[in-house]
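One chain, chain A, links the two complexes that follow: it is found with chain B in the first and with chain C in the second.
Let's turn to the complex of A and B:
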């Protein structure tokens, strides 16, 4: 029951944040850019490193299975390309953002809550959603889209490298093999997922931060719950978006 | 390096975010190029191809002219009315009539790059082919003759329907059913035939083993074959000689001789020899 209430408050927070789109005072450039640096730029190394290794592992696994069952590895570019565009290049950065950025946001907002800084903001007639959530929400959207494109590029490059070095593909041959399988819908699907996950993370994290109770222990508990909930939400949304793009587009 | 120098070397947050967005834009363009999004500045020619059965073509399927990818399928319309006169090279079965109006089961809008469209003429053929082992369908356009009219924007041409594999399978099932019925009806005869064939092969087997074991065939078979070869060679020489002018003349003379000898009987021969003074009892 508590979880249901929590999710209802997350949905309410989402719509309250969306409402701020039409408030010119919410568009504070310096705050938004700072949030993008925190969530996007500073996540680039970890996202690139993780997706690079994921690309290598997935390509090797697909190649091994294809060789074992079909005795043919000519379809590696197509299969890996589609898998990277649809899942791997999107889910990994999203989950990394949850654990890095989401946890940080919940801890930050939760600490402000337990130290009554949010109440102080309210006393100063500053809307905490406009002041704390909206910049992070916009930063999440921008970072989600940019990191998704970057992660897909890195993963595809590493996958191509494995194909070229390990399975005697030419670079153009690999690219052409991939082109047969990947369509506009795959790229749009990747971007939609990136933007959705990027916008979800700050909302869930801030909602848990706002509901934080007690002292340091409460902040820790809220952070853990935020990461778990955001991870589960991302996996469910991933399924729904993939289902939509697979069957309706 | 002092702290001031370090600060001047550091990028501002705006520059970092600008760089991230710029790089992401470049990557988006790269991906758009990978997935084959055509440039909006590239000029193309769009026209329609009608089919009765399109065999798996879908929106976005590639279009090739002389084997080179130069366009894609833009749109597919079902049971679209068309002006019959506008259909160039109408293929049989590609047009049906509904209340006196011509209707095509499928009207496929395709766009072709303008430079490649030069080769697409009124007498070009529009085949639906399958590429590679993944079975990707595409429209293959064969270039028409130069004296034919070049395809124009909005023209309607008739495509060549691909072979119907489903029909082939259905007909194969039908054929298999008929064969089964025939076998069921003539089961006794077929069984007898098989038994006879079995006996025949068994006898043949015995004969062959006898031939194999026989000393005559072992020793003389090669000689027999050599003689046969010699005989056929001689016969050939004789027949060659017979077919020569001299041989034909000889045959003619021989025929005349036989014709003359035919009425001769024992009495005639006896009287001939008696006239010559020879008294011999011949017959």
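Let's turn to the complex of A and C:
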């Protein structure tokens, strides 16, 4: 019941944040740029490192299984390309953002809540949603889209490297093999997922922060709950978006 | 120009924090709210600025029922109020200067005074408020994390005073401060009340401070008002809790200072 109530307040916070799109005062460039640096630019190294290794491992696994069962590795570029575009290159950065950025947002907002900074903002006639959530929401959308594209590019590059070095593909041959399996819909699907996950993370994280109670222990509990909820929500949304793009586009 | 509580009740789950509390504070008055921890003192203050809504009853500021106002009307009421929270509640990412100047740059404040303050005026006001709370301008560029708890608390007070509100709400303003600063802040509350007719509600455990500067003292216990009286009447109360508070005070302050007639805002 508590979880249902929490998700209702997450949905309400989402719409309240969307409302700020039409408030000129919400578009504070410095805060939005700061949030993009925090959530996006500072996440580039860890996203690149993780997706690079993920690309290598997945390509190795697919190649090994194809070789073992079909005695043919010619389909590696197509299979890996589609898997990377639809799942791997998107889910990994999203889950990394949840643990890195989402946790930090909940901890920050939660600490502000328990130390009465949120109340102080209200008393200074500052809307906490406009001041705290909106810049992070915009940063989440921008970072989500950019990091997804970056992660896909890095994963594909590493996958291609494994194909070229380990299975004697030519660079162009690998690229052409991929092109047969990947269409515009896959690129759109990747971007839609990136933007959706990027916008979900700050909303869920801020909502848990706003509902934080107690002291340090309360902040810790809220952070854990936010990470778990956002992770589960991303997995469910991932399924729904993939389902939609697979069957309807 | 008054704050009025009418039969206000508030519960959190099964805990009844306020039970049909009624009282009134007139313009320029200093009301001290005393009581043990967890007896609803801070909850009382938060009702005034609409951070909490009563389960029943009403809280009125200048005749307006705060719990029935929409966001725009509530923002206007909050414009009249300043609150010093139990925690310093400074914004961690902003410097001391930016924290104090924060309320002077809001659209609502600009709307209230009719024009934006120039940067020179903002800096002058910030320095003036910083001096009021016994702090030097060297700390203006510091982040709150660079300051001690006591200094953060005083910066928080300066931030509250900067927009010059009509109503000041203090939630344990002197907890964690040294005696000299405590006296300075008590003097400040007294001066604001007497010179500018600012209405002050002070939540505190400190009976000595209450006996020095309060016009009236309200004692809360178990969610109800145990006493609501001026200083001299309060001293005559036979309620055990009030006697306990007084006994603590008498142990700390020489009898001559507790003579109501001789009490001034300034500590000797």
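Criterion: the second predicted complex is superposed on the first by the 249 of 249 C-alpha atoms of A that agree within 3 Å, B and C clash if a C-alpha of one lies under 4 Å from a C-alpha of the other, contacts with A are read in each partner's own complex, and residues count from 1 in each chain.
Convention: a residue touches a chain if its C-beta (ideal position, glycine included) is under 8 Å from a C-beta of that chain, and two chains touch if they have at least 3 such contacts.
Everything numeric here is computed off the predicted structure, so don't read it as measured data.
Visitor: With both structures lined up on chain A, is it a clash or a fit for chain B and chain C?
Guide: fit
Visitor: Once the shared chain is lined up, is A:171 touching chain B (first), chain C (second), both, or neither of them?
Guide: Touch partners of A:171: none, neither chain B nor chain C.
Visitor: State whether chain B or chain C is in contact with more residues of chain A in the superposed arrangement.
Guide: Tallying touched residues of chain A, the top partner is B.
Visitor: Answer with first, second, both or neither: which of chain B and chain C does A:8 touch in the superposed model?
Guide: Neither partner.
Visitor: Considering only the touch criterion stated at the top, classify A:120 as touching first (chain B), second (chain C), both, or neither.
Guide: A:120 contacts chain C only, not chain B.
Visitor: By the touch definition at the top of the document, which applies to A:235: first (chain B), second (chain C), both, or neither?
Guide: In the superposition, A:235 contacts neither chain B nor chain C.
Visitor: Is A:25 contacted by the first partner chain B, the second partner chain C, both or neither?
Guide: Only chain C; A:25 stays clear of chain B.
Visitor: Is A:216 in contact with chain B, with chain C, with both, or with neither (first, second, both, neither)?
Guide: neither
Visitor: Could you tell me if A:49 is touching chain B, chain C, both of them or neither one (first, second, both, neither)?
Guide: Touch partners of A:49: none, neither chain B nor chain C.
Visitor: Minimum Cα separation, chain B versus chain C, post-superposition (Å)?
Guide: Comparing every C-alpha of chain B with every C-alpha of chain C, the smallest gap is 16 Å.
Visitor: Does any part of chain A touch chain B in one structure and chain C in the other, and if so which residues?
Guide: In chain A, no position sits in both the chain B and chain C interfaces.
Visitor: Per the contact definition, I'd like the list of chain B residues that touch chain A in the complex.
Guide: 13-14, 16-17, 20-21, 23-24, 27-28, 30-32, 34-37, 60, 132-134, 136
Visitor: Note which residues of chain A are touching chain B in the complex, please.
Guide: 33-34, 36-37, 40-41, 44, 74-75, 78, 142, 145-146, 149-150, 152-153, 175, 178-184, 186-187, 191
Visitor: Contact residues on chain A for chain C in the complex?
Guide: Those residues of chain A that touch chain C are 25, 112, 115-117, 119-126.
Visitor: Quick one: in the complex, what on chain C touches chain A?
Guide: Chain C residues touching chain A: 46, 49, 51, 75, 78-79, 81-83, 85-92, 102-103, 106-109, 156, 159.
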